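Two complexes come next, and they have one chain in common, chain A, joined by chain B in the first and chain C in the second.
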Partner chain A sequence: MSDAPFRNPGWAGNTGEFDLTEEQVRGDDFVGERPKDGGHPSGAGALPYMLAEKEPEAELFEGEYQERFEKILTRYPTKQASLLPTLGLAQELRGYLSPETMDRCAELLDLSPAYVRGVATFYTMYNKRPVGRHLVQVCTNISCNLAGADEVVDAFLRYTDTELGETSEDGNFTVIEAECLAACGFPTCVQINSRYYENVTPAEVPKLCEHLKAEGE
Partner chain B sequence: MAYPYVSDHEIRIVSKYFGDPKQRRVETYVERGGYKALEKAFEMGPQGVIDEVKGSGLRGRGGAGFPTGVKWSFMPKDSGKPHYLLCNADESEPGTFKDRELMRWDPHQLIEGCLIGAYAIGAGHVYIYCRGEFFEVNQILARAVEDAYAKGYIGKDIFGSGNDLEVTVHQGAGAYICGEETGLMNSLEGKRGQPRVKPPFPAAVGAFGMPSTINNVETLAAVPHIVENGGDWYRGFGTEKSPGTKMFCVSGHVNKPGNYELPLGFPLMKLIEDVCGGMRDGRALKAVIPGGSSVPIIDAEESARCNLDYEGCIEVGTMLGCASVIVMDETADIVKQVRRMVDFYAHESCGQCTPCREGSSWTAQILKRIEEGRGTEEDLDTLMEMTQQMVGTTICVLSDSVAAPVQSSIEKFRDEYLALIRRGERVGAA
Partner chain C sequence: MAEMVTLTIDGKEVSVRKGTTILEAAKQVGEEVPHYCYHPGLSSPAMCRMCLVEVEGAPKPMPGCVTTVAEGQVVNTQSGEARHHRQGVLEFYLVNHPLDCPICDMSGECYLQDYVHAEGRKHGRGREPKRVFGRDDFGGDVLFYGDRCVMCTRCVRFMSEVEQDHRLTVVERGNRSVIDTFFDEGLDGTHFHGNVVDICPVGALVSKDFLHKARAWDLTHTPSICTSCSQGCNIDHHTRDNLVQRLKPRENLDVNGWWICDYGRHNYEWMNHGDRLEAPLVRGGEPSGAMGWGDALRTLLERAADKKGSVKAVASPFASNESLGALKRLVDALGGGDIVYRSPRAEDEVTLEGFPTLVRRKDLSPNTGGAGRLGMKRVGDDEGHGGLENVANHDGVLIVLGDGLLDQAEAFGADAGLFVYLGTHGSAAAAEADIVLPITSHAEMEGTFTNYEGRVQRFWPSLDAPGMARPAWLVLGALAAELGRGSVVKTAAEAFAALAAEAPAFSGMTYDDIGTRGAVVNESVSLTGD
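Now for the complex of A and B:
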């Protein structure tokens, strides 16, 4: 933690009218870090797969990740149904789904490589290309747009000196527009890796980016 | 303690513990009477539960408002096959943000509702299909399910009743169309989330080819309360045809946006003025979208007459949808916002049906042209005709959702379109 006082512009309670801390609202105290092996099989498929630190060459799957993969397999009547959680697991490790990664997942689940690519490309959350350490997704849909989301996008692009979808030179940021993130009451909502930041205004963008650079995840 | 805002007009049933982090813990939930309804449901028997929910008049909160008890009664009784209950937690209709709060503040309420629903329809396994972007919510749910397993509320022989129920949290991967019920089933099966042609309906051939029922988070969250207090009690709130309370997600130009649980039939203007603290900066109201981006826009005059229940919204030419009230003041740029919504549908169309795939992107292009001052008056006729052809001609109703904002805004805010078109003509002439 840096010493600079940082008031996170990132949750709906930061208007000063509520007596809860950010951690309480987010549930950090309740969930904490979920175990890498997935914990109970019922929730093994529900873990973050957008981390700042990525290992593009990591083996699919070893150790705790292998355990988690096996737990996922037990939860569905068909092997095919494990495909989405498996792709998520691969992305969590490697940061994006390269053609080789998709082929490996196909092999693990006895599916054809073409089929897996057809599925993976249907969903927006699978990165088909490498992205920066922080993937910044700014909602510009109607409720956020009414509150000036377009200016928030501009502020991120200006700070990171990038165009939409491009990764900044230092490898820290990739900024894209997102569809409604279901946090419309507190615009503008920005998803950065696995976390939502609400109430983001253009003025706060540089501070937020500095904070992310300093903190890592 | 409350979060974010509260109002005296609220009747808090499903949102009672919003803002109380202790509620996430299974011990607290049980201390406060949790999982009692599940035990009672086992005593009532599946048919007893279905009858009680039918009697409550509870209608699906995912958008269509179909009576929940009736939907449950469509499930076969002795099929000899595995049945599934799917909880639709893929919340992604622009303007909607209630399911996220319901899950992150009170995960056990949803789990208990899922277990009761599964028992009623003879399902042994519940899949909670939770939107992929909700990483925090997914983990809160996963932890809560894990805790409920540890305490024996999920698993084998629950309460020694001989009933076995399994719950799995399934994380989506980013696609609005997976909120459509059959799209969700395909996605759960590890396929592209493309909707299926109906019939066959899910109660006959659903997830993994087996009889399935799908319900929204808010619908299932209300179930434990109905089982505990009775259908008649639930009918004591709301209107005769739209009983009960509903989460209203208010966004846009009001002083206090957020989620409010109110009885159905609540007047729209009272919601804006008394509950949400009025319009921001005291500006005039221009338009409201009362049910999320898929329903027609209404103007200030219609808003003044609108009561927020399924029938009340139809009376003023719109729909309640998921009660996602998007409020726009006089500064809102209607054409830009409609274009933005249509961009969304063009992006999210799954591509199976030509009217939807082509129609949504053509509509978006014409709107963009008008917005940039390059449109003509004939464009408005083209938009009306084209969107008309997108209604009722496709596999799912995503296509119809494009017509709603486009047609209603051209009817009610034609002047704004014409101003952009004429400005363009002037620029062109100069």
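Now for the complex of A and C:
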């Protein structure tokens, strides 16, 4: 990936100092699409490297997802306690948490739908609306902001021709602002799906987006 | 005996049970610690930060609603330190509060208003624009003004802990957090949701029924008893312009806690109905027509004089114990006879899960407990209709007290030698009544009801009686006294004393014993059969 069109391809490998592949940095298990069975002994333990599926109408849950859901239930003392990973699983499958999704999760866990809504809306990492194939989260917290994060946001919005939170017409991008992504040493940091892109400047945003589009196909 | 703990609050020494919170202990020395999220009927999350008090030796202010007392503790709730904390908290409460008190229903009974007036800063320092939510219809009787909310979550906890139907939740977080239901689900179909309006310390949750109807400071509060079922919930009538404007629960842990059901809460319009009977009316013979009480009662006694021997009476379980007792005395004085009553019944009970003492009973009348204990028999069906076949054609003296006879034919009582009708409203079935006497509703008189478990509870008059209407116990008691049964009763307390003297269930009880909390009759047999 040394010919990547931007300085940092999403892992701390290709900074010019080293010339490491993604596999070398992350290890084989964490490169590529996340396996549907969770890919990790702890069930929902590993973050999805890329959001594997976005099927808004998918059944909650069946097949491998049902197995993972059951595995989640075994890991918590009460059904209520397993709400967060259950919502995470539903989002991985459906892409976002619609009212119907929340209702279904409430049913699965014997909770009230209102309670599930309260939890789902509290956490910003649950999408309450459909998002594009690439969810672009630009850090606008202090470090990144001092380094010009606002211009990076504008560059993304210009390229995708959207407002904050809107999905682009081709369904590829949704751009939102994020609070600190804990990459203050590499501003501006942009998290796209589960990948970090560091040291992003407005000038390289179009190239980055083109790359993502190509990758998505 | 529970272990006691002695501590000092604001310089006053007090001994309280171990485990008492500072907030409750402060109440006992007469200090009200300001609070929003704490409610005695709910859990305490200590999230409003209003009840922060200074505890000597503690490194920082402690929330009074969850901090339990300790031996020798010295607490200051009114010191400069404590007030300073509260002032700071209050300033934050006003950061986004719209200050729309002039158009807010809660104005005048709002705790944000009270606390800010008492201890808040004179001027706010916030310069940022306020965030705006607008209002939301929660369904049922509840309207939500998001901007006024102080996020105490009393309503959320009421629904989850007491009603145990978790319909309300906090949506979003930070300064965007707001109370909401599951999208359009709303509160419809729950039976106690009106209580969230009562426990809301500010004007965020308001009643649609009461919306913009009256200002809090114009309302007169009168303690009363709910008449919508035999539970006998303690309530307050809030009145203005001689009209009941709304009903609010009154705390009584033996009966209803702090709560009432929505059915009872909204069943008050009937107390305001006009078209009342306002003067005694005498028909047939001489004299006849509308007349004063003296003439009417003298005529009644004259006409009754030659008809002694066979009396039948229809009473109402909406009449007070005193009125029913006076009716019994009169019937006895006229020679004795059966007294029946009719009472509607619901198919199901509705229990408040988190406070199961409070149940909307099947028996939908407030005083079947009293009527039953006085030997009166329930007749008719579950609608409160029918069952009067033997009475309708009775040929002796017929007395109807309080029963509107709405299902009866106009010929009701046509054969009666003397038909006396005592009611609040006229009735087509009273067309044959020889004497029609206007009586007061329970809202216009003092008296007692006996609830499903035999608890006798007092109510007080909240409205002025129309025209010449008088309490039934006064009218019937005077007639009975004239016929030689008992002495004339002039007050409700005397009427109750007369009842207590005759009915074993009530013997030994007085108004003073009953007080505002009620007292249980001398036996504890449930007559409602629920």
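In the analysis below, the second predicted complex is superposed on the first by the 172 of 217 C-alpha atoms of A that agree within 3 Å, B and C clash if a C-alpha of one lies under 4 Å from a C-alpha of the other, contacts with A are read in each partner's own complex, and residues count from 1 in each chain.
In the analysis below, contacts are C-beta pairs under 8 Å (C-beta built on N, C-alpha and C of every residue); 3 or more make two chains touch, one makes a residue touch a chain.
Owing to the predicted nature of the structure, the values given are computational and were not obtained by experimental measurement.
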| item | value |
| --- | --- |
| Superposition-derived comparison: chain B or chain C, residues of chain A touched | B |
| Touched partner set for A:Pro99, first chain B, second chain C, both or neither | second |
| Touched partner set for A:Tyr196, first chain B, second chain C, both or neither | first |
| Contacts of A:Gly118 with chain B and chain C, given as first, second, both or neither | both |
| Residues of chain A contacting chain B in one complex and chain C in the other | 118, 122 |
| Contact footprint of chain A on chain C as seen in their complex | 160, 165-173, 180-183, 185 |
| Chain C-touching residues of chain A, taken from the complex the two chains share | 99, 102-103, 111-118, 121-122 |
| Residue ranges of chain B touching chain A (in the complex, touch as defined) | 1-5, 19, 21, 24-25, 82, 91-97, 99-100, 104, 130-136, 138-143, 145-146, 149, 154, 166-176, 187-193, 208, 249-253, 257-259, 289, 293, 324, 326, 328, 332, 336-337, 340-341, 344, 347-348, 350 |
| Chain B contact footprint on chain A (complex, rising order) | 12-13, 17-20, 24-27, 29-31, 34, 39-48, 50, 75-78, 80-85, 87-88, 109, 118-119, 122-126, 140-143, 145-147, 179-187, 191, 194-196 |
